[in-house]
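Each chain carries a letter (A, B, C and D) given by its place in the written order, and its residues are counted from 1.
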Amino acid sequence: MATDTDCCTLSELMVVAAAREIADREVVFVGMRLPLLGFLLAKRTHAPDAVGIYELGIVRDSPAPEPILTMGDLPNLFKAKWLSDTSDVMGLLQNGTIDVSFIGGAQVDRFGNLNTSYIMSSEKLATRLPGSGGACDLAGLSKRHIIIMAHEKHRFVTKVDYITSPGYGNGAGWREKAGLPRGGPSAVITSLGIMRFDPVSKEMVLVSIHPDVTARNILDNTGWQLKISDMLEKTPVPTEYELKVLRELDPEGYWTGS
Amino acid sequence: MATDTDCCTLSELMVVAAAREIADREVVFVGMRLPLLGFLLAKRTHAPDAVGIYELGIVRDSPAPEPILTMGDLPNLFKAKWLSDTSDVMGLLQNGTIDVSFIGGAQVDRFGNLNTSYIMSSEKLATRLPGSGGACDLAGLSKRHIIIMAHEKHRFVTKVDYITSPGYGNGAGWREKAGLPRGGPSAVITSLGIMRFDPVSKEMVLVSIHPDVTARNILDNTGWQLKISDMLEKTPVPTEYELKVLRELDPEGYWTGS
Amino acid sequence: MAPASKLITLSEALNRYVPDGAEIVMGTSLETLIPFAAGHEIMRQRKRNLTLIGPISDILFDQIVGAGCVGKIRAAWVGNVITGSSYNFRRAVEGGDLKMEDHSNLTVAMALKAGAMGVPFMPALTGLGSDLFKTNTSLKKITCPFTGKTLTAVSAINPDVAIIHAQRSDEYGNAHFWGNLGVTSDACLASRYIIITAEEIVSPDVIESDPNRVITPGFRVSAVVHAPWGAHPSPVPGYYNRDHNAFIEYRSNSKTPQKFEKWMRDWVDNVKTSDDYIRLLGNERVVKLKLINHLLSEPVDYGY
Amino acid sequence: MAPASKLITLSEALNRYVPDGAEIVMGTSLETLIPFAAGHEIMRQRKRNLTLIGPISDILFDQIVGAGCVGKIRAAWVGNVITGSSYNFRRAVEGGDLKMEDHSNLTVAMALKAGAMGVPFMPALTGLGSDLFKTNTSLKKITCPFTGKTLTAVSAINPDVAIIHAQRSDEYGNAHFWGNLGVTSDACLASRYIIITAEEIVSPDVIESDPNRVITPGFRVSAVVHAPWGAHPSPVPGYYNRDHNAFIEYRSNSKTPQKFEKWMRDWVDNVKTSDDYIRLLGNERVVKLKLINHLLSEPVDYGY
């Protein structure tokens, strides 16, 4: 099992991996929690001109002047570029303006479908989760989206109990048939490694393993026979500068503490 | 033919008649030109708590501090109660919040259908008029609307060349069949008299004659056999106070001069 | 010809406009300006069988559910923004006591926009491929009359009441609202009644100096309530920051029904007025949450 | 990491973003803030076969039609707000030289909202029973999937360019816009390119002090042009009043093609810069149109 490494906590590793998925100048629909930090980190490092969109009705292109725990914190409104309606920023999403977005997940399957609504146990409701929020919208309408979640066997299942946020459904062609205009998950960043999706079959493929983790660990914690890339890599550890910035962004380690 | 009378100009008479159609506390969708003055006059006389909605995205419940020629004049924005989007105020119209609205017309027929778009002559386009603006919306969606126009034979026709703003179509039940949720014209204020609509047949009926006008004048200037009410009245002339206020509202007589 | 004041007490406003069974939209700017004071009055009045509507609610919906006031929720997300799941909500849904209509943020926004615009539905591209259609009968698939493509039709929501916390309002319901706006404007226009709770009651002159800042036309507002700190622990732009600790503490204070009962006694039932609430918060907390770094908007001229 | 400035000349902006055949939305706040300076540059550049989109245009559309730049208009109303019909427009439609797509204000607003929201249409209740359906193929009757009732479906409009006159903008396209808003926000979000012409170019600090006043996010804006008096003779809240006489004079100056030609030579072709235009207006007129009664907005605090 992955744990905190010498250099950093596991959460820090995941946030840095998330940040690296953002290219400079991209328009990013920023979610809550770890993705929020990932976006702020990217802005402060390799993607200074990335633009952040928040579903509350916020557009900003500079980091908040102070650490924030959530997107509605007042420093995130301070000197924003635009404060507006949810339907305006959701319009930007729906009309194809958003390059990349981030979603946390409770349960995911081999085609990247996500469940954050209902966990079933022998056909009966076992756990009610908070629901979609904006996740269903982001998964359907961004040009691509990135999933961030804990890698545990009961979360990585053959088929999710409920599709809150569509991935590739049952494989190639499914999104188009459903009527979705674009997009799909491009990466799954977990506590053990990073998965991407086969461009043809749309099935999840392990492409990177975190420090101190083995492929065996990952297969043992995945509920189906996870495909492994021929070009399997080690997830690069955060640079010193990335860690420095990240610790400024979350000084009390609320999100990224061990 | 009606002309200016001893007491006032014909336009003043029409504006005062329009103002009297507004009850206190009503929500009024105010149009351009004469109706704009009618609303302002009502506010200053018998309907102080009427609320005015303007399609530009303005809501106000006090008169503008200065005479205005059109609704976009800056005094009409000064201390407005709400400055917003056209779609917001059109939403108020569509969702049934508007009690009464006013429309000018170029051509009208016996069921109160209005044409402000295309005048035809032997099946060919003779005159292109400015078009609907908000008139089609007001005619379809207010609880009632009032038409104001010059009374001339070529304008009062059996059937309009083009329905820009629906009245009662071809009679009873037509609006419901068309899918309109409510409304219809309640009065036609012209340069000769005032018409209303038969509650059953929905056909236009002459109910009031302006000073110095005869029923004969009106019939001669109407392109069909206009029905005349059993209770035909004389249009009451403006009170001194109404005229005083009106002349403050249009001091140069741009709209109400002779 | 001065119009009638709409300024009444919180208790009176909710007595008058929120009967048992009412459909209420609240928390319309998502994480900011959540009307906690009004929500707590709903709990104190032991309303029953309410339907709560909103995109996300942070912990307010969980609290009202815990008080037994709610029969149904139509929302995109119910939980605790910085800690995750919320317990009363989980218990109620898992126990079968609470009906849930599952939305996304976009479908809630479109349902309220349809309500505001007076049309029976709005089209959207979201939801396609998801299971929202299985747990939300107000979503249907339709074919676009122009493109032939599949779309989601979102049925209009017209709540009985919108409860909005605003920064400042005059006593006639003309209120300034700033910061991120969420679905607030459409929620107001879609609702039959609007209750404004405000940090400050100000003179009409203040409001009239900036009509673009008004959130909804005052003639549509039914009641105005003076409720300082009325959105705590959520943040109010111009007034106070988010009280993160309150959200973290609530998580443990709602873990069991017993713990929640005690929390509700202390923070809801034993609180009668804004003053009580501020006293309970304590001076240290109040001072710590107030703004330190100010940024005043550059004026604009509405003259002629 | 300073982003690139978008500040260019009017001539360059229209050269770059408005090719012959482009679809342009302008005059989006109806009677106020009409981008006359930009419209006149379109005329000077002798653009051809443009499609003009807007709810109403006051006399600007008539002028651009008179210059022979327009192949089609998609609008609710084309005329002169205080004098009625406009002559170039009448001549062009009656002569068969100009295609017209007849809208109402509500259908234009919904077409642009559909464009902004990224959906192919918006439903409405307006237009039913009217003949707009005969002269506008972007309207269709549909049956509501929830109520079974007849509705109007308004097809989305996604213009190539939105040209917006705003009060003040920074050089990156973040612009403050106040007064009545018309369809401006949706027109911007629906369009591929956005050109802002502004009375004043200000520092980003001014704009950042009030993000709720920003009309559209700056990252979506392609060009910013400094254009003082750029909306004359329409009014600009905060800057100048409506010049009624200009509208009355234009009526006679456009009665015949010959008269219009002369008007266009004097007021368009012979004017190269804002300074030329202001000089042509003359000091007396300029002074008379400026605001006399000021009303400054009460500040709000965006601090933390």
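Here is the rule we go by: a contact is a pair of C-beta atoms (placed from the backbone, for glycine too) under 8 Å apart; a residue touches a chain by one contact, two chains touch by 3 or more.
All values reported here derive from a predicted model rather than from experimental measurement.
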Maximum centroid distance from chain C, chain identifier (CA atoms): B
Whole-Å separation of chain centres (CA-atom averages), chain A against chain D: 41
Gap in Å, rounded to a whole number, between the CA centres of chain B and chain A: 58
Chain C and chain D: spacing of chain centres that average the CA atoms, whole Å: 36
Chain A-chain C separation of Cα centroids, rounded to whole Å: 28
For chain D, residues contacting two or more additional chains: 117-119, 124-125, 149, 151, 178-179, 181, 185, 209, 212, 237, 241, 291, 293, 295, 302-304
Residues of chain A engaged with two or more neighbouring chains: 65, 73-74, 77-79, 83-84, 87, 90, 93-94, 141, 181
Which chain pairs touch, all of them: A-C, A-D, B-C, B-D, C-D
Chain D contact footprint on chain C (complex, rising order): 117-125, 138, 140, 142, 144-147, 149, 151, 153, 155, 167, 176, 178-179, 181, 206, 209-210, 212-213, 237-238, 241, 291-304
Touching residues on chain C, where the partner in the complex is chain A: 29-32, 55-56, 75-79, 81-82, 84-86, 89-90, 93-94, 100, 102-106, 109-110, 113, 124-132, 134-135, 141, 149-151, 178-186, 234-235, 237, 241-242, 244, 291, 293, 295
Chain D residues within the chain A interface of the complex: 1, 3, 115-119, 174, 185, 189-190, 208-209, 211-212, 214, 216-220, 302-304
In the complex with chain D, residue positions of chain B that touch it: 32-33, 54-58, 65, 69-74, 77-79, 83-87, 90, 93-94, 117-118, 125-137, 139-141, 162-166, 169, 174-175, 178-181, 254
Partner chain D, residues of chain A touching it in the complex: 27, 48-49, 51, 59, 61, 65-66, 73-75, 77-84, 87-88, 90-97, 141, 181
